[in-house]
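Take a look at the structures listed below.
Each of the next two complexes has subunit A plus one other chain: subunit B in the first, subunit C in the second.
After this line comes the complex of A and B, so read on.
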């Protein structure tokens, strides 16, 4: 086997881990990293996206439209949740833990009761390609590109659009933003919906590759939280480098010693980063810049 | 926030309990009698629920049938069911509750081997009586337990030689990383070696892992002739879809797939193509007994997604219990074990004839080799009738003489007298 094969396989594994970390985390980066709501129901927003995607695909829609539907439905659910629950808890961040955890229990058990213990999968599109001795799934490359696309879109949204500026202003100094005429309640709702929609997008993108069960959100939530915690408050400057660092550690450890050590490596890396950079990677980067 | 902490919190809040009286109302004569209480501890939510809700339904079906026909010795069967939430600590909690507070006569409990080993010491401590109606890695030699599921000498001694003959002698094992996966992998290793093959590789996957890109690559690197998949839980089932989309295209052999988690129904074809499973029951089995059982099940639970082997194990276990109690004229464990010691506790189950082995209190089974086709249809290339759970007895476990209340493995057999 030549070197190019090895390099490609290492890159592919890195990209795969990166996509999973970034897509799991970006919705949470908005809701937890930026808004400060400790959203334990993040996994259930992902599950919602995956279920809606699968249901619409079963109903005959093509997969991309299904994923779009999953994203939009999750965002809508996000609006409802924000209006009903989260809105009243912005100055009580610890209480959001209990509230969102309760929501996640209701969502998991409600799905189990109403939809049943499993849902039929939709099948992974695009097939595979061969490099050297290994064959790879094309869809995993699509996931990697989607992760990059989401990061770019988030950067553009929060830096180049009026909504992005208002959202950052509202979250930094809410009363000042309100005094300047910003409808902060609307901005909070929209930002939360954006985070929930991104979670739904992650669910929709992973729906073809995974078992669809009410508890599927749980497989995303650890990766999502550690990525956001070490990334820090900035959505783009946090999530992108955090995803890169963790994906390198995880894919290297997994290929060297197996899945268990991949997970151990991931968590050890998190401990080290949090110890060295208490404000996360983005806190470090931004302090350097100013 | 770690996943296990989350789960723990989640479980602590959900001590949701559910007591299901089976339909006593229609039998006023029976209801007056002192009921026989059967505790049901199965996962009705959480990671294992897909495979185990059917067990609860099967027990309800059997209990209803028995109650309609007059109960056990004229006493109705009353179910005391709790949802164990795929959580080992819930098993311990509810096992104490059914034995101490509800004072049940017998408990039907457990899916994962981790949960069985979590509750088994409690059954031993309170001198309870439990049925484990699940296939597993074998080796439990405990007089307080009856195991109605299949064990490795029934599932692997049949499956692995068949696969090695058909596809080749290089074997790769992909197993869940806990006692079931580790001990089952040890069995595969042993049988592969005995048949002159070699292990191309082994990987153990922590429960809850859902991303398999690296494992898929490891398998392709090792170039095995077939892969033994001993993956457990719904998260790990994502492997098949991911392996199919990466075009791994290797035959697979398993003791847990299809017969437990009906992956061939849940995933889009052809991701489970060329999966071979040894199971003592699945709903596709085409015999009059099986068809009758399936029809009864569907009549009572029309929305049941699949009737799997553990549902059948649970169903026949209720009838075996009825037979033993009626023959012992008592629900006391000592009296029932005297009946088992006679060695003729048998019944015509949906799968075929089954008997309890007195030495190990495990069951003989008809083992069906199920093959999943490209369109996910099931065919049965081979059937082995009356395969006995011989290993424990041969290794030196004899519950009619001595009750060590222990679990043994090929590398840790019972001590020689």
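After this line comes the complex of A and C, so read on.
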């Protein structure tokens, strides 16, 4: 064991934690940052993505296409949910939390009734490689790259496309955007679908690494919420740095005391950060800039 | 003496529905029926009714924090669990002699309240409000559940009490009142019924007085407009923290009584589903009033139990649908809507008569 293997091991664990935090949080962050809506059914969108991915892979599709299918189905479900429920509650943020919680209850229990208590998983692809005495899964590296890719794609989407410009205009001053001819309801629907799709993507990407149970969403949401709370309302200034900081805390605590203490570390971090920076990292950065 | 009278005058006021001889007559009638009820029923049904009553306390705590205070907390089940485990650990270690179970009840509620002071300090003095408060309290609740669920090993014990991980703790002594001759043991039937009923009436009336006092008016003012309340010179953080701690103590009381009732407590009583249920009762009942919360909780619980007999899997789906529909169609709650409607009819009738 030399220093290099230790460093690699720490980096690998950091990357793993970072990917998990960013992938599970970005869908939530898009919806919260753009619409001010906290989607408590976020975990169930992730579960939906994972289930669809597993189902399509079992049906014979290759994994990447399965993940794509999971993403698209989640986004479609997102559109339906937005039209049926969320749309009517934009001026009542606390009620959206309650309503989406109701949806999450329906989704978890509905899946349990329809699909059963567990679903056959998908094997982790790519195998593993050896550094020093330990072997590492290649798929975890793929997940890390996927997290970076998602952040880059979101940046491109919101800065360089027409939809991104319209969405940001709608977020800043909704009635002004509406007066200029932007269909703000459509923008909200698409943004919600985008967030739901990102949740589905996270589910699809992690489907090969976990057991598929109806309550699997709960494994993601705590990390997702913590990242969004610490990050604040902006996806790029918030989620990415929050993911980095929290990944350091989580991987350090996990390798020191185990999985549970990693999560406790996250919780303590969030309680301290909200005391110091109530608007999260992005609120802090934006205030410094103006 | 006049102070006491003034306090009783606070039983009715702008923050609570129901006033006048008609309301209190009905209240006395319901109370009389509740007192006589065990005489006409069997031990099992009475025990089941105690189970319903136990949940009313946590519903009232949520009504206080969410309905009156305007801050949505998912942490009530966390306080419920902390107090429940607290009672278990204390009584398993020290037994039930000399009325210690009653001391343990108070101590367990105090532990939950202390935890709320700590958590509430960070939240309210960090000026977290709205949706963030919900998320932080939810994260704390889920964390506690995960923590308790992994305490299966023999190294997790406090004194002689094993925490037992996912299976939870059991076999703690029931509430025992020391009595000359033979101590009275309150098992989950008639004895416990009268104790819980007494506590319930006391808490309900005390909360009515509290909410109609100047403290309650400030709490409602903060819900309506925090900035305005602050400009009027109130330190809203203190008021919010106090409300939060009172709510936590009530949720803790619920947890202790639940542990006493079933003589067990498990981590899943702090899980997602457990945290969702009080929210459903309070939302469906009508979160901004104490009476509608009590009625709503009892009605929804009874409906849930009836549904569970036919298909427990579908009962939860039904509860979710009920919650979503309530939020969409009757955001103020179904029971409160009916109560207001009855109130309007009553006024119209008295006007016509007069």
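FYI, the second predicted complex is superposed on the first by the 290 of 290 C-alpha atoms of A that agree within 3 Å, B and C clash if a C-alpha of one lies under 4 Å from a C-alpha of the other, contacts with A are read in each partner's own complex, and residues count from 1 in each chain.
Just so we're on the same page, a contact is a pair of C-beta atoms (placed from the backbone, for glycine too) under 8 Å apart; a residue touches a chain by one contact, two chains touch by 3 or more.
Source: prediction; values computed, not measured.
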{"item": "Side-by-side fit of subunit B and subunit C on subunit A, or clash", "value": "clash"}
{"item": "Subunit B versus subunit C as contact partner of A:92, first or second or both or neither", "value": "second"}
{"item": "Partner chain in contact with A:11 - subunit B first, subunit C second, else both or neither", "value": "neither"}
{"item": "First (subunit B), second (subunit C), both or neither touched by A:131", "value": "neither"}
{"item": "First, second, both or neither for A:254, with subunit B first and subunit C second", "value": "first"}
{"item": "Partner with the higher number of touched subunit A residues, subunit C or subunit B", "value": "B"}
{"item": "Subunit B versus subunit C as contact partner of A:275, first or second or both or neither", "value": "second"}
{"item": "Which superposed partner A:109 touches (first subunit B, second subunit C, both, neither)", "value": "both"}
{"item": "Contacts of A:153 with subunit B and subunit C, given as first, second, both or neither", "value": "neither"}
{"item": "Touching partner for A:173 - first (subunit B), second (subunit C), both, neither", "value": "neither"}
{"item": "Partner chain in contact with A:145 - subunit B first, subunit C second, else both or neither", "value": "neither"}
{"item": "When the two complexes are fitted on chain A, the stretch of subunit C hitting subunit B, from 110-118, 272-280 or 290-298", "value": "272-280"}
{"item": "Set intersection of subunit A contacts, subunit C complex versus subunit B complex", "value": "40, 101-102, 104-105, 108-109, 112, 215, 218, 221-222, 225, 260, 263"}
{"item": "Residues of subunit A that touch subunit B when the two form their complex", "value": "9, 12-13, 16-17, 20, 40, 101-102, 104-105, 108-109, 112, 116-124, 126-128, 130, 133-140, 208-216, 218-219, 221-222, 225, 251, 254-255, 258-260, 262-263"}
{"item": "Subunit A contact footprint on subunit C (complex, rising order)", "value": "70, 72, 119, 122-123, 125-128, 130-132, 134-136, 138-140, 142-143, 146-147, 150, 272-273, 276, 279-280, 283, 313-314, 316-317, 319-324, 327-328, 331"}
{"item": "Touching residues on subunit A, where the partner in the complex is subunit C", "value": "32, 36, 38, 40, 85, 88-89, 92-95, 97-99, 101-106, 108-110, 112-113, 215, 218, 221-222, 225-226, 228-229, 260, 263-264, 267, 270-272, 274-276, 278"}
{"item": "Subunit A-touching residues of subunit B, taken from the complex the two chains share", "value": "1-3, 6-7, 9-10, 13-14, 45-47, 49-50, 53, 177, 203-206, 208-211, 213-215, 217-218, 220-221, 234-235, 237-238, 241-242, 244-248, 265-268, 271, 303, 305"}
